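Here come two complexes built around chain A, the first alongside chain B, the second alongside chain C.
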Partner chain A sequence: MSAIPQEAALPRTFTLPAGVQRAAMRVATGVALLVLWEVLVRWLAPAFVARPTTVARAIPDVLAQRNVPPGTPTFWGSAEETVLAALEGMVIGVAAGVLVGLTMGRLRTADRLLRFYVSAFFAMPIIAMVPVMELWFGYDWRVRLTIVSLGAFLPVCLNVYDGTRKLPAHYVEVAESYHARWWNVWFGIALPASLPYLLAGFRLAVGRVLVGAVIAEYIANLKGLGSFILFDARTFHQPEMMVAVLFLALLGVAVNAAADLATRRLLPWYRRAE
Partner chain B sequence: MSTRSDGGARIAIDGVAKEFGGLRVFENIDLEIGEREIVSIVGPSGCGKTTLLRCIDGLVRPTRGEIRIDGNKVTEPPRGVAVVFQQFGLFPWKTVYENVAYGLRLAGASKEQIRESVPRHIELVGLSGFEKAYPYQLSGGMQQRTGLARALATEPHVLLMDEPFASIDAQTREILQFELLRIWESRPTSMVFVTHSIEEAVLMGDRVVVLRGRPSSVYEVIETGLPRPRTREVLSSPRFNEVREHVWSRLMHEAEQAERELQEVR
Partner chain C sequence: MSTVQVAEPKPRLIVPQSVRGAGVSLLGLAVGAGIWELIGRRTQASSFAPFSKTMAALWGMTTSGELPHALESSLQLFGAGLGFAILVGFFLGLLLARIRVLRTGLEPYIAMLYATPMVALIPFILSLFGFEFRAKVIVVTLFGLWPILINTLEGARSVNAELLEVARSYRSSEPKLWWHVIIPYTLPYTMTGVRQGIARSLVGMLASEFLLAASGLGNLILTYTQRFDTAHVLAAVLTITLLATALMAVGRAIENYFARWKAGV
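Take a look at the complex of A and B:
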């Protein structure tokens, strides 16, 4: 009997709240990686190779667009091009992906006609098509728009398809017993029931769209962060280049974090429902 | 077939049979369900009671025969008929309020109608205060109250109950049975109550239909002759026990026969 209060009375070591601990562990890994990068580059690489300290020092200049030689792409002008193209691609790709995914999921004919090809396009590296798209469209924005739209369309379409196929039959039965028409079932039942799948597709789409935009800019030499990175890399401005890379990484992380937040706020049912 | 004392027939089931890919589930079902009558359907599992209910709602087409509601042949889910499902069939992305409003919205009800009707029906089933809750936040009993409110909100003439309390714990089930009876007293409709519980069938029904055989058909229709409004006293009345034992013997006989057939096969 007496052992229990004794044990409770033992002097407790100081512990941080669980959330702070997790954040601290995450930061610790990041710091270790940065230190490793700094040490390795200083030890092994020539001076122009970017390392954390030089990148950090380059950030203010790049963001303020100071010391930009004439004929050099500016950071914000490039970022605007890439972000807008990515946004357009997301809008077109998600809208088309939802529509085609729902159609394939609900209509067996559409499934048989289309799914094989959507899956095949999803599996193949669309980027490989950029050189030939240049021949079709010319060296302009249409190449990039095609790449980013497909990059968003394919994962969203396949995920919405999956979600719609897994729609519990009794939801449809309930809807039909209340006289639902096909569009009520598609957009009122199948689509909301597939939202968790749509979100998974959305996350994949964000990654594919950013990669697609940058690579299309490399290859087709379009104004944007892709050509900004290419130019700085080739002119030995590696720290400046790394600022653009970090910006793209942060953009991807931020969009996905925003999607997570929106999920928790707008779809409170989603993680807990059946 | 016994004649009813109350009003014209609302549901007329005439020579109905259903096959699934050559397997005949039931045949020669003839049944009339009157206005303000509750008819319970019992039978061994797999006898097609739920399929029969789906036929009445037009979700499934009978292979033979026809079903008429107020004289109109059922070919698709008819207006004025609402179903309460065994698995509740609530949409997890909708709140209690939106689930209850679902039938009204599909029927094209006006905003005023919905604002008036939905809270009233949420109150009727005792869920006031839970309007904004999602199904995952509710117990099974509360989920089925929501399902009941959704059905009642469309002000149906016919209520089809598909083993509505089968997946609810015993105590809550008894509470819901008497609540349903109370609600029915305040607004009587014709009701088909499919269940595998003999007690429930007798407690709810004016008549109990026993399905039997393979393929199954109506073996016997029993008038319960229990008074309405039905209260808990009914459960301990001699008449209740008598009817329950009668239904029990009809069903057990078949269960034993099925057992014997199985042994012969072995």
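Take a look at the complex of A and C:
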């Protein structure tokens, strides 16, 4: 929606299609940013700091896991650990979040009992719990799983709760006049009606899950991309480290794009209020 | 929930809904504290402390000045980082909205940075800026910046064309156009971003306190964990929870205040 009137177009003899123009602009900006990074780091920072050229050179080696000294975490092994943990956390967190969110949205007592806890845990940075969890579970995968599941649970739960609360009352009245049972109302009406909220919560959850997984790996020193990054940073292998950072960034982008696509495909009736 | 409630037979003791609601909420808190106390008494002191001991630790740290000191240090970091995030996010967002070339060029990269887990960049920031206050502020800013920037951009782009046309037809100059039309129109959007940025900046604050030079509340948690003193750790975590809840409430209040003149709502 480009509603801002642009200055009257000058008469042109030749114009590229708008899409090509935009793509060209984006590529040009990207190149400019990379050049800026390269120049600034060369000029101001020590030699070991990652630059686009060194990162590009490191990509094939890291992905093929060549020249990995013994005792060093491997890239794909670490990525697998982190991605699997994130997936497990998403499954647990989203399932629990939907259930608790629906319960809080439909039962007022549950709402009053739990609202305070859910919103307080949602507001607080869950990573504050990582050190305590080390005391509970040891330096163990359970720390990461708990952090990641909580990170997914809280935004999903709050969003489903919001969506269920905003369910138009007459939906429920109609259903009840047809003798719908409570589970029909919960899962047949309230849940589909709050799907857009669920998806919004899902997107928040993805961000929190990735951040939580990496921080848990940093602090609890678990195998995964977090410790891969930390190890490479400490051994002055910054270009290799940046490959892992890029991988995480692309993972975030890909999941968000998938969520967008799912919104458009599955919920064509839902438009973001823009 | 159900709004259609037909005449109740005989109202005995009428307790207003709000009072009952508050009562149930308080009961929830009391039950939570009770469970906490019970679990704490049945586990080793090195893994979980009961509610009463945590409260005692909280009181002890408050009176000794340890907690206020840590809180102050953390809030300084948080405030500086979020402040920069708001400044940069707001002005960059406005600029991008007004300058089409910049916007089209940078949009995909901003979206990518928004989706990047910023914690992954902390070691990189460490190597560039060290681990002192400056580096930590940068981390907090990088956490909080993106929602503010993106919301501002979205808001400034959705300014009504008619508003701009009217302003233009009265020969409003570009600075006046910004000051009287675009900025007031955009502020509510920015504040939505600020609310999201507050939550993210808090994560950034703790992450930088854990991973860069330990300070503030993060340092409290780390040192007491090393001493297996769970009562003090839980007291610090509780403080962070209360702080986060308060900051979120402030964020929501600011957002609602600005939403009063949000168009079309």
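Here is the rule we use: the second predicted complex is superposed on the first by the 242 of 274 C-alpha atoms of A that agree within 3 Å, B and C clash if a C-alpha of one lies under 4 Å from a C-alpha of the other, contacts with A are read in each partner's own complex, and residues count from 1 in each chain.
One rule holds in what follows: contacts are C-beta pairs under 8 Å (C-beta built on N, C-alpha and C of every residue); 3 or more make two chains touch, one makes a residue touch a chain.
This is a predicted model, so every value here is computed, not measured.
Visitor: Both complexes share chain A, so when I overlay them there, do chain B and chain C fit or clash?
Guide: Aligned on chain A, chain C fits beside chain B.
Visitor: Which of the two partners, first being chain B and second being chain C, lies in contact with A:E173: first, second, both, or neither?
Guide: In the superposition, A:E173 contacts both chain B and chain C.
Visitor: Could you look at A:A249 and tell me whether it touches chain B, chain C, both or neither (first, second, both, neither)?
Guide: In the superposition, A:A249 touches chain C alone.
Visitor: Touch test for A:I189: chain B only (first), chain C only (second), both, or neither?
Guide: In the superposition, A:I189 contacts chain B only.
Visitor: Thinking of the overlay built on chain A, is A:L267 touched by chain B (first), by chain C (second), by both, or by neither?
Guide: A:L267 contacts chain B only, not chain C.
Visitor: Which partner, once the models are overlaid, touches more of chain A's residues, chain C or chain B?
Guide: On the superposition, C touches more of the residues of chain A.
Visitor: For A:T15, select first, second, both or neither according to whether it touches chain B, chain C, the two together, or no partner.
Guide: neither
Visitor: For A:L230, decide between first (touching chain B), second (touching chain C), both and neither.
Guide: second
Visitor: Going by the contact rule set out at the top, does A:L210 touch chain B (first), chain C (second), both, or neither?
Guide: Once the two structures are laid over each other on A, A:L210 reaches chain C alone.
Visitor: Look at A:A123 in the shared chain and tell me whether it touches chain B only, chain C only, both, or neither; answer first, second, both or neither.
Guide: second
Visitor: For the overlay built on chain A, what is the smallest gap between any CA atom of chain B and any CA atom of chain C, in Å?
Guide: It comes out at 5 Å between the closest C-alpha atoms.
Visitor: Could you pull out which residues of chain A sit against chain B in one structure and against chain C in the other?
Guide: Correct list for chain A: 173, 274.
Visitor: Please give the residue numbers of chain A that touch chain C in the complex, ascending.
Guide: Where chain A meets chain C, its residues are 1-6, 22, 25-26, 28-30, 33, 45-46, 48-50, 106, 108-109, 112-117, 119-121, 123-125, 127-132, 134-136, 169, 172-173, 207, 210-211, 214-215, 218-219, 225-226, 229-230, 232-234, 238, 241-242, 244-245, 248-249, 252-253, 255-256, 274.
Visitor: Residue numbers of chain A touching chain B in their complex, please.
Guide: 170-171, 173-180, 184, 189, 192-193, 195, 267-270, 272-274
Visitor: Provide the residue numbers of chain B that touch chain A in the complex, in ascending order.
Guide: 57, 59, 76-77, 79, 81-83, 85, 87, 89, 91-93, 102-103, 106-107, 134-136, 154
Visitor: Can you name the residues of chain C that touch chain A in the complex?
Guide: So the residues of chain C touching chain A come out as 1-4, 21, 24-25, 27-29, 31-32, 46-48, 97-98, 100-101, 104-109, 111-113, 115-124, 126-128, 154, 157-161, 164-165, 199, 202-203, 205-207, 210-211, 217-218, 221-222, 225, 228, 230, 233-234, 236-237, 240-241, 244-245, 247-248.
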